[in-house]
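Two complexes, one shared chain (chain A), two partners (chain B, chain C).
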Partner chain A sequence: MIAKYRIIVLAGCFILFGAGSVFSSYNFPPPEFDSNYIKPVMEKLPAGADWLSYLDIVVLLGAILLSAWASLKKRSRSVIVIISLFSLAYFGFYKEGCICPIGSIQNVAAALANPGYYLPVSVILIFSLPLIAALFFGRAYCGGACPHGALQDLLLIKEISLPKGLDRSLSVGAYLYLGLAVLFAVNDSGFLICRFDPFVPFFRHTGPFYMFVTGGVFILLSTFIGRPYCRFLCPYSALLKPLSLVSKNKVTITPKECIVCNLCAASCPYGAINEPAAKAPDQKRPRFFYIAFFIAALLLGSVLGYFTGGFLSRYDVNVKTALEIHNYYNTGTKSAVILSENAKEFIRKGESNEILFTLAGETVSHYKRSGIFLGAFILFVLFLQIVYSLRRPKREIYEPDSARCVSCGRCFRDCPIHRKAAQKENENKKS
Partner chain B sequence: MKTKNLNTLSLVLKQTAVAAAALFFLSAGGLVYIYSSGTVANIKDSPALERLKQKLEKEPANEALIKSFREVDLQERALYFGKSELLETGAKICLVFLMLFLISQRGYSLLNGRIPKVKKGSESNYHFGGSFKSLPVYASASLTGILVVMILFLLSVMGSARFPWQAEKSAPVKGAELNKQWNGFRGLNGRESAAAGNYASIWNIKSNKNIAWKTSLPVKGYSSPIVYEDKLFITGSENKKLKVLCYAAATGNLNWSSPVLVTSKQEEAEVMTEEEGGAGYCAPTPVTDGEYVYAYFATNKLVCFNLAGKQQWLRDFGKPENIYGLSASPVLFEDKIIIQADQGEEGLSRIYAVNKKTGKIEWETKRPDGASWGTPLVIDYRGRKEIITTTKPWVIAYAPASGKELWKAECLSGEVSTSASFSDGKIYVMSPDSQTSTIALLPGGTGDVTRTNIAWKMQEDSQAINAPAVLDTKIVIALKDNIVMRASTDGKIVWQYKTEDEFWASPVIAGKKLYLSSRGGKVYVLTLEGKLVNTMDMGEEISASPAFQTDKIFLRTNKNLYCLKEEKK
Partner chain C sequence: MGQENKISRMEFLKKTGRGLSVLALGGIAGAALGRSKRKRESVWQIDPDKCTQCGKCATECVLRVSAVKCVHNFSICGYCNLCFGYFAPGQRELNTGAENQLCPTGAIRRRFVEEPYYEYTIKEPRCVGCGKCVKGCTAFGNGSLQLQIRHDRCKNCNECAIAKACPSKAIFRIPAAKGYITKENNDSKI
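The block that comes next holds the complex of A and B.
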């Protein structure tokens, strides 16, 4: 009974924190029409000093290296949590989630497609550092340096484990998103990853309402599904996964021998621990079948991608405006047509419809051409997914799946061998 | 004692977490309710204000209405800013509760974390793991593959349809891509920029590098070549005999050369020739709609030929009275050919619209006295078509359907040989007095708009007699000894490139490069950033602007016609 009252009292205290500002009124002068009001000149904040962007890179590198040390050498979940909290505070709330390696994919893609696009060295470094680190330390960036990952990791309260098949199927989403984001970036149609980032509105305390809704959905999901964005949508994870597979140093669950106790697999909320398995009986696979399947997949992907590109071009601003303008001038009742701001501006400027249609036509062609690569890429990923699911390697102990393991350190904590070793170390230190 | 303290702390953390979580959901729900409870998206979209605004427009002096407008405006602002502030503060409160919940929940988990224990027999899975457990993964991967391919197929079907403007475009131009045609003076609709293409930026007339073909011209004239699909047209005179010539664009072979057949005695109209310092008989560039080619000459005659070279009709506008010779090119607009014939004699200057099928004058409008040499430009401004013309001292806009004067601005001086350009909602004209000025005008309006519609005026440091090339928000002006790029917004110089040359031909933007042909016989190719790519010496004067098609450049020099195309490596 006392506990209930205490909750109510606590809640009341918390309400008082914000009540004042919620009920305060917003005061401003009424509009004036008679006085010669002069619009104030819009003040632009000065750009941040160059060295500050390099400071961010140093901090990013430091966070990645510390995270790698904590997961590979120190083997401490607590240290990883501390680094995560720092990354969330610094890269998330202080730097407001920009620029991050996830979004930088689009800058790099745009620069590769358009030689006139300016790509600062700092952005190249932010894009490449976690990838290079993945070659040596696995997904150390995801473990402690990524604010998106840190937020989701800290939100996880009661995890439910997804069936392995569903987990693998959903993870295709990250590759699809990567392909779409690159397609839009190379065609100069905007940065999808930034526009639909679910966590940035929380970091900045502002943003369109739909972003708050998607962010809210991901936050809720994160409370019972381990890192849903990282596993099923993050386009950067789609790049990190293959690199982590070949990383030089890989996370190990136990410091010594595995006793096959199953505790680590139960502790991993990301389904990133492979169980021991007997090797499947030798079956002679027809290699030519795989090759033919692979070529057919690429060809089918290219054809489908070409026409899908044509469809996706409708989301480009030129094509969208051209469709609206065409509709506007070919509809009997112009007033009934609701125009976007871009279309209104186009009509206001009085530019030639024909040039707009020409530009839109060129954009559609670019989309179709780049759609070929998107389609081939998607079918390639699906092909690998199916082939990978057929693999049955022999495994005698529990091992982290290098591609999926985000170096969070939960499995160390639950491993009895690790605990024993840590206890022994503590005793040695005391003595 | 220590355990008791820990237990108390654990309990407090648990209760804090529960309270913070409850308040987080409560405040988040409140925010969603506030957001969706009728806040206007923007004050200017307020229907109440819009109604009052309309009333005010009708009764601007109604004091009571003004007072009421102010009150409603204040209320709407209070509502909008009040709710915005509330949402912003609410979001911060949500965040604070969320953080509080996270911290207390983490703390509680840390204090109450249970160490898992090894279960007996857990290793028994070992022998069966892979072979059976991978089956659902395989099935799921295959299903995902099928699902994604089906989605791609669906999007492909939706993406394979032609866009509405593409479907319409194919009909009138008989399969040709209209934007790749260079069908009149300064290209399609006088826009002076070619569709994207890989055009040669280097060639050499001595080594024949990138010269697809070259043919010597049997006629002379300052007019520019035009090209439509596989046909290239030029006009010229041979011993005062006016001709229209058609070449095969692919090979440079002459398809036909047709003289202009006249019936009137005015065929003997005397024109100041090129040698005498005039514009000659054939300064106007012809225009084609893909079915017929229309040529206008300094003798003040408009002629129509079919694509086989047979004359269809001739329209004589009377004896010309223009000191250097008429040089405005005909302009195609829907079913009309627009002719601007500005003459020195009093009361003779006219602008005509001629029916392109019959050659009959559909309308004619008197223009201010005084000769000028610029070509009209048809623009589409906010859905209203305007014919923009230049003469001293006016820029005048006419309605293409009726010839009615729409507006005029007094801003030109000197001998006006320059034509207007249009981009970014502005018209650019040049006043070629002793020192050329570049002027940006806002289209639209009625009557004399000199005071209201001049956006900016910039003085150049030398003279120009051509037309500026425009691309989005940039204007390129080819002056004597100087090439300048200005920003359309304020007219400020973006870059300039100094030459020791003179340009009669108008600059052209093609394939993200700038092509300028000089009287000195050189072709300058510059990047849009003002960097010189190459200079090619053609060895003879150039007065005509080049024509562009897909990957070919057609260049008319004083005596020759060239097709320039990058050779495949």
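The block that comes next holds the complex of A and C.
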């Protein structure tokens, strides 16, 4: 009895709200056909299934672990080259570079800043796996699993070594880029890293012109400068560097003890091998010198960041539109103002200017506030960089700098001890 | 003191650093995940009710032939003889002559079904996603022609270039399982 009643109510609802509202709103009611014509169905080609993105994570993890094994245990450049060829083919040309850990920084930053942002678990994993791996195996991700790194690494023909000072100064660029990208991501104004990625248009064989230009420049540069993007711009390297400083396992040039033969010194195209050095005579600088320097850097950074933030907010879509609308209503000759699509759409919709202006004002002040953090962060990095370069620790052997080493394995081949060990292993295998 | 302990100062600092980093990473990942609205995989799609057919879909996509195509939702099509998506304004005759067609690439096929109804199908390889037909159909007809992002073509970029350029903010992420938004079945307004 109740079931019957329910069916009648449901049918009533369907007629009232379902069928009624669907067909009454059309200018030309969809026809009923007398002939035996069958309406085709709108073709909905499906997106890839969820499990496919988890498959990618398994492949990523596998590539990182293999690369770590090849650089730490197996100590073989050729294995690393094979892994990076695979990564280049799979993550680069097959998956076409998206989504990658480098870009995922922005997703995570956006999710932290805006509750309600769409962040799948797979993206969190892609973001954190290489970082966790860096805590245990150094930059194994850069060495074999990153398609960007692999492309540059394989393109290197004849390297020129950059002066140390230039190399260190340029590498601040990565932190700056990281800071800017996070600033834009938390303010919901776009993903800089993805928009200016140099290699993705090559992976996709298509893209805007400016991307090809920047990509071409980086590809040309990487034939004679080792990994220019990784060293001077990659924002992910800015996260990987400090983490691999405290890494549990490190790449060593030689499998046993270093005999300081000097043969490996020139093998690293990335300037990542620290040479033996005597401890510099202690220049007694009072501790407050550093503290004052540190505080001054933070203060200066905050002030600079505040104004930079205000300036950068102009690149936000809402702020841009608000400025245009403001100009439009405050100039006498409206016809002379050429409006962008966004502004035209805004005027066409006839929404209230006040709402747009408040929104834009909020965005600008948010930019200024986050600019303070950006400025302080950049000056903090600069401070650390200077202090780090003043430090002259005693070093008795040649060893890779754990932050800058990308686990490419080039130095192994130049080490006589490594060669001897490898030869012995080969002989053992034969017999 | 360093010699008395089993680990040196450097090693202690490193261990602490590693521990703190693990905690920080875990914290960041956990917080980001906790604040995220949905945790499933997602794809970009166009809300046909917000779309104004400005034509940017054809030009802003990172793919040189855009991933946005016109799709035909037959279930709400009026099968009109005078289709505003098919015929250019001021057409001479209601026939398939090229001079009468609105589509710049001739990607729509018109076929007689029964008096007075005609069927319109999109030849998808030819479509460039300019949305001219969609504009006509939305303005005067039922809006059965609509622009949608084709997931076989879409690279699912981290940041959709068209979404950033879209003046009416009609492009956003939807659950991958859903895939397409049709006009009569648009529950994307949350």
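Couple of notes before you dig in:
Heads up, the rule we're going with is that the second predicted complex is superposed on the first by the 380 of 431 C-alpha atoms of A that agree within 3 Å, B and C clash if a C-alpha of one lies under 4 Å from a C-alpha of the other, contacts with A are read in each partner's own complex, and residues count from 1 in each chain.
Definition applied: contacts are C-beta pairs under 8 Å (C-beta built on N, C-alpha and C of every residue); 3 or more make two chains touch, one makes a residue touch a chain.
The shown structure was predicted, so the numbers you read here are calculated from the model rather than taken from an experiment.
Looking at the shared chain after the overlay, A:Pro163 reaches chain B, while chain C stays out of its contact range. Applying the stated contact rule after C-alpha superposition, one finds that A:Pro120 touches chain C and leaves chain B untouched.
Touch criterion met: A:Ala266 reaches chain B, while chain C stays clear of it.
When the two complexes are overlaid, the chain among chain B and chain C that reaches more residues of chain A is B.
Judged by the touch definition given at the top, the superposed model places A:Ser53 against chain C, while chain B stays out of reach. In the superposition on chain A, A:Thr206 makes contact with both chain B and chain C. Legend: residue contacts after superposition of the two complexes on their common chain; A:Leu221 is shown touching neither chain B nor chain C. Of the two partner chains, chain C is the only one touched by A:Leu112; chain B is not.
Comparing which residues of chain A touch chain B with which touch chain C, the overlap comprises 22, 26, 28, 30-31, 33, 206, 348-349. Of all residues in chain A, those touching chain B in their complex are 3, 6-8, 10-11, 14-15, 17-18, 21-22, 25-26, 28, 30-31, 33, 154-155, 157, 163-166, 168-169, 172, 176, 202, 205-206, 209, 212, 216, 219, 259-263, 266-267, 275-281, 300-301, 303-313, 319, 322-323, 326-327, 329-330, 347-355, 357-358, 360-362, 364, 371, 375, 378-379, 382-383, 385-386, 388-396, 414, 416, 419. Note for the complex: chain A touches chain C at residues 22, 26-31, 33-35, 37, 39-50, 53, 96, 98-99, 103-104, 106-108, 111-112, 114-122, 124, 127-128, 131-132, 135, 190-191, 194-195, 201, 204, 206-208, 242-243, 245-248, 317, 341-342, 344-346, 348-349. Residue ranges on chain B touching chain A, taken from their complex, read 11-12, 15-16, 18-20, 22-23, 27-28, 35, 66, 70, 73-74, 77-78, 81-82, 85-86, 88-93, 95-98, 100, 102, 105-106, 115-116, 118-119, 122-123, 125-131, 133-134, 136-145, 148-149, 152-153, 155-160, 163-166, 169, 178-179, 188-189, 191, 195-196, 379-384, 422-425, 443-444.
Against chain A, the residues of chain C that register as touching in their complex are 13-15, 17-18, 21-22, 25, 28-29, 31-33, 35-43, 52, 54, 56, 62-64, 71-80, 113-114, 117, 119, 121, 140-142, 150-152, 154-159, 161, 164-165, 167-168, 173, 176-177, 179-180, 182, 184.
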